[in-house]
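Right, one structure below, let's go through it.
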Amino acid sequence: MARKDYLDKYPRNPAKTLWVLKPVGKVLRMLGKTIIHRPVTILYPYEKMWMPENYRGRPGLRFDRCVACGMCVKMCPTACIKLVETESDSGEKVRRPQVNIGRCAMCGYCAEYCPVDAMTVTPDFELSEYTREDLIYGPKRLVYEGITEKMEIHLEQTLMSDVKNGNPERRVSPFMTDRPVLEAAKCISCKKCEKVCPVKAVTMVEHGVNDKGRPILYPEFNDDTCICCMNCVEDCPKDALHINEVL
Amino acid sequence: MMSRDVIDIKAEASAINTDKMWVIMGPQHPFSHGLWTLKAQLDGEIVTDAEPIIGYLHRGWEKECENRTYPKIIPMADRLCYAASMTYTHLYCMTVEKALGIDIPDKAKYMRIMADEICRIQSHLMWLAAVGTDLGNLTVFLWAMREREFFMDINVRLCGARMTTNFPRIGGVRNDIDEEFMMYTSRCVERFEKAVWDIISLIDDSSIFVSRMKGTGYLTRETCVNLGITGPAMRGNGVDFDIRRDDPYDNYDKVDFEVPVLNDGDSYSRYMVRIEELFQSCKIIKQTLQKIKAIGKNAPYRLKVPSKVPAGRAFARLEDPRGESMMYLVSDGTDKPYRLKVRSPIFVNVSASKPLVQGSRIADVPAIMAMIDMCLGETDR
Amino acid sequence: MAYSSILDWIQFNDVMSNPFYPYQTYNLPFDIGYKLWEIIGGLIAWIINLIFPDNGVSTWLISPEVSNMFALVLFMVIIFAVAFIVTLISLWMERKVLGRIMDRRGTMVGMKGFMQCIADGLKTFMKENVIPRKVDKMTYMWTVSLIIGTSVLIACMIPLSPRWFVVDYGTGLLIIMALFALAPFFILVSGWAQNNKYSLIGGMRAAELMISYEVPMLIMIATTCLLAGSFNINDIVNAQFDTVWFFIPQILGFITFIFCATAEAERVPFDIAEAEAELVEGWQTEYAGMKWGLIMLADYMRGYVSCAMVVIMYLGGWLIPFASAEINGWVPEIVFLLKVWFVFFIMIVLRGALARVRTDQIVNIGWKIFMPLSIVNLAVVLLLKMGGIF
Amino acid sequence: MTDEVYQQPSVQEISGLLRNRFPGKVEVTGTEERRVYAKADRECIHEICAYIHDCLTFEHVTSIMGNDMIDRMEVIYHLSNYFNGVMIELTAEIPADDLHIRSVADIWAGGNWHERETYELFGIIFDGHPKLQRLLTPDTYEFYPFRKSYKLRGQE
């Protein structure tokens, strides 16, 4: 049985009398302590607290790793991320996330659900600006120098079937297991999934011709490169695609 | 002894007939920790009637949730209460898991318990700080805040954020913990168990603090239960009920702890219950750390869950630092909840403020309401 | 006289030889004021004389009557400046010591934080003068002036040494007490005049507070005067030098008086009139800007006066025991102020350690604890006096 | 008619007692460990609640909530026992055209604000409630924000 530390010691108190000596003694002790040592507070702008590397400050971006899949846009609970067009180092036009820090809730979901670990959390928490426009961090500004391993958040999950089969140490992420599945009857061969796929994992394969003589194209998914970003599922005009969740 | 004091105070009310005066305390008032109003009718210094007014912070939380997918509600649940974010997130995840019908790994359960208790300690320390200022002493405030800072540090190491932790997930917890974290936490807890005695001796050994709290805000057990007051405020009134022990969730039935119950029914007993809960929480943290160590490093801590919840209803309740909180989920088979209801403890506790403050002095109103530990985010939702 | 060189205009006469000198004994601040005027007035007279030779104004300016008059003005400025600086130092000390007690640093603005007082003063003085629409304007302004005025007056009237005083009445202690007890009445009136429920309750609480501590306090003052055999502050201090400090025979009275003095200054644990937890700022709720800044200053001046009373009555005033007259005659003012700050330090520690008491509790404490204690104290002193020990 | 008082009724006892005491009015839909789920007729909700409070010693009402099922409304009561931690979930269905139900605020004073909240968010009127006014939203509101017919911006 657990012990009651405090209640066993302190039920009775001479509260009727004017008894103030012990608190005064405690206070004087603390006074002596803080005169000899330094007080526990720090002088903030000059001294700063130690921050662990996994501190959830503003989101950071690894520009080269990002594939513009839009997973962060989908997962952001405050809808503060959107994909904007920008130029990469080699001069080509790419789409990269832009974060409105004024709305950001620092929940870290963008880093957690990033399939390629391009978004990270950073320990950068001093974010005040003079105008609201300055709070919008474009892709170039979002890049954080010195991103380390610990700032990435990996989505390590255990499958329920693995736990049942006695293999509980295997960790998977949904981006490795979940894959889109086609309902061939609904497909109208519009090639939209091929267009929206950020990693070019969709190829349209011909499956004969229809009555009008046009080729019937069904998407085929490359399981190795697919990152399960669900863009094809969402953009499918006939809802012919759905994600097969491995549990 | 106790009852006589109370009778003395209540009997003082008005031998002379004077005009009664309505004093409106709040929403911007030093005693209201947050935005709420207490309209108090005063007869001299004695409160004869009171009416709480809330709703300044009503965000339509429950309606908002009907527009979001299940994982996106977790950061929102953080923001229900700034001091007890961990328990609300835990509660939400528990409710969804119940609707999904899955059982999460042991390690995740222990980690959630540990996180809950860290949250409970820091919430209680915040309450202790507020008690200090409400009774007119800033030293207690700053010393309690200093102790709280260590638990904030634990939170940062655990999940990278100080207050809005966003740590539990549907099916487990966000991330694993390492050896260093466990060492740091056990050291912090041991340090805290010694350091908190400083604050206790500042309050319990001072006759001013004790006499301010003793005999004020008295309620009998029956009134207290009927008014729906829960949490430490209820246990100070002699109700022997704690959801952690009597309706255990996660792995609370596998850890050893004591539920403090006192029968006096005044502010001081509510205060003592909370202080004892600090020590019990320390015990639970130490036990869970050992259990997590025993479970092993590579044990699963987060299950993969389907994104769609089957149609049905589920509810879960848990012992918040402030009382009994409950969530009720109606799901219609999509990836968004059909209805999510939050039962917040303070919402009911504050509705009992009229019987609590009636007959006491205006100077006691802050002390009595401090024992409720107001948090308006969860009250108005 | 020649009046040709500047040194003829600036003469350093002995202040005691001035026929219009207002005191019987030597007064240091008056002397300083007199010397200052002799320099300033002499310079002015010399300049006027250079421009208009042989006019009457120059000689009039350095004549004893006029010198005495201007010396009085400068004397007042000096007395107020010293009281002001002493108050600011106590304010700074409270901030720093309270900060250290709470495990923080206290204020950090310039000169180890001393400049914070100046910054606060400047800030409050530069604020807009807000008068709420529905207050009783006349009473609202007059009462606050009277509260501040009486507080500043008593802070100036505290003698720092036998040579640093404003008046040297036979009943000096009583006059200070009388002025001290005036403020609660004005607080009551101002609380009513502000047309605010919080200030009204705060004002009534100030009156409630006063009836609980004033009587034991007066009994203890009477006890001390009985022990010393005089109401004169000088006599009380000298009596303590001759025997022992009075806190040894009346230790009960000393402890009780410290609490009473805390209540008089309306500091924690007896600051029920401005209890910020329930009555936003009590009777000061509707005062803003410069008025509030001056109220704050007046509060600390009252704190300083309370501490000075403790020092005069129980801690031997400005004299060091067993020291020779030469050492005691050196800087008695500094000795006195150090003792005052020591007592103020005790008050700060009390503020750090204790909570605010309730209104019924302060009446209980006043009448059930302080009152019997002060009477027991009186009885002890009577016994000592009858036994011939004092 | 006085009933026997059970201080620590088990789940089986509760479901049996409720069925026997109110035949046709209460339908126990399921039980779990320390949980009883039941459906109640809204006409006699007050008697059922009084029985549960007085005889089964369910001293505490955890929550009273409304739920909009579009064709009908529901009021769901969660009642808990402080002696053994059993909870009863009591669902009362209300037709959408007659949103009235008897208040239980006189049995559990803690239910007072829950009922006010349900009233203001769903428009369900609790008959016999001591003070049925808006609590969280301003008094001038004329609509009931938590109904499904009330759409948020961007939801249409």
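Should a chain be cited, it is by its letter among A, B, C and D, assigned in written order, with residues numbered from 1 in that chain.
Rule of thumb we're sticking to: a contact is a pair of C-beta atoms (placed from the backbone, for glycine too) under 8 Å apart; a residue touches a chain by one contact, two chains touch by 3 or more.
Because the structure is predicted, anything quoted here is derived from the model rather than measured.
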Comparing B-C with A-B, the busier interface by C-beta pairs is A-B
Using Cα averages as centroids, what's the distance between chain A and chain B in whole Å? 29
Chain C and chain D: spacing of chain centres that average the CA atoms, whole Å: 67
Using mean CA coordinates as chain centres, what's the chain B-chain C distance in Å? 48
Inter-centroid spacing, chain C versus chain A (mean Cα positions, whole Å): 63
At which residue positions does chain B touch at least two other chains? 139, 143, 146, 202, 206, 208, 211
Residues of chain C that touch two or more other chains: which are they? 101-104, 352-354
Expected list for chain A, residues touching two or more other chains, is 18, 20, 23, 26-27, 30, 40
Classify the inter-chain contact topology: is it line, ring, star, complete, or other? other
Considering every pair of chains, which are in touch? A-B, A-C, B-C, B-D
Chain B-facing residues of chain D, complex: 34, 59-63, 65, 67-68, 76, 78, 80, 82, 84-85, 87, 89, 108-114, 117, 135-138, 145-146, 152, 155
Please output the residues of chain C touching chain A within their complex, sorted ascending. 97, 99-105, 108, 349-350, 352-354, 365, 369
As the complex stands, chain C meets chain B at residues 98, 101-104, 197-198, 201, 268-269, 271-272, 275-280, 352-361
Chain A residues touching chain B - in the complex, by the definition given at the top: 1-7, 10-11, 13-20, 22-23, 26-27, 30, 40, 51-52, 54-56, 75, 77, 105-109, 112, 121, 153, 156-160, 162-163, 168-169, 171-172, 174, 177, 245-247
Contact residues on chain B for chain A in the complex? 68, 71-72, 74-76, 78-79, 102, 105, 139, 143, 146, 149, 156-157, 159-161, 164, 166, 171-172, 174-176, 193, 198, 200-202, 204-208, 210-211, 214, 256-258, 260, 262, 272, 275-276, 278-280, 283, 298-307
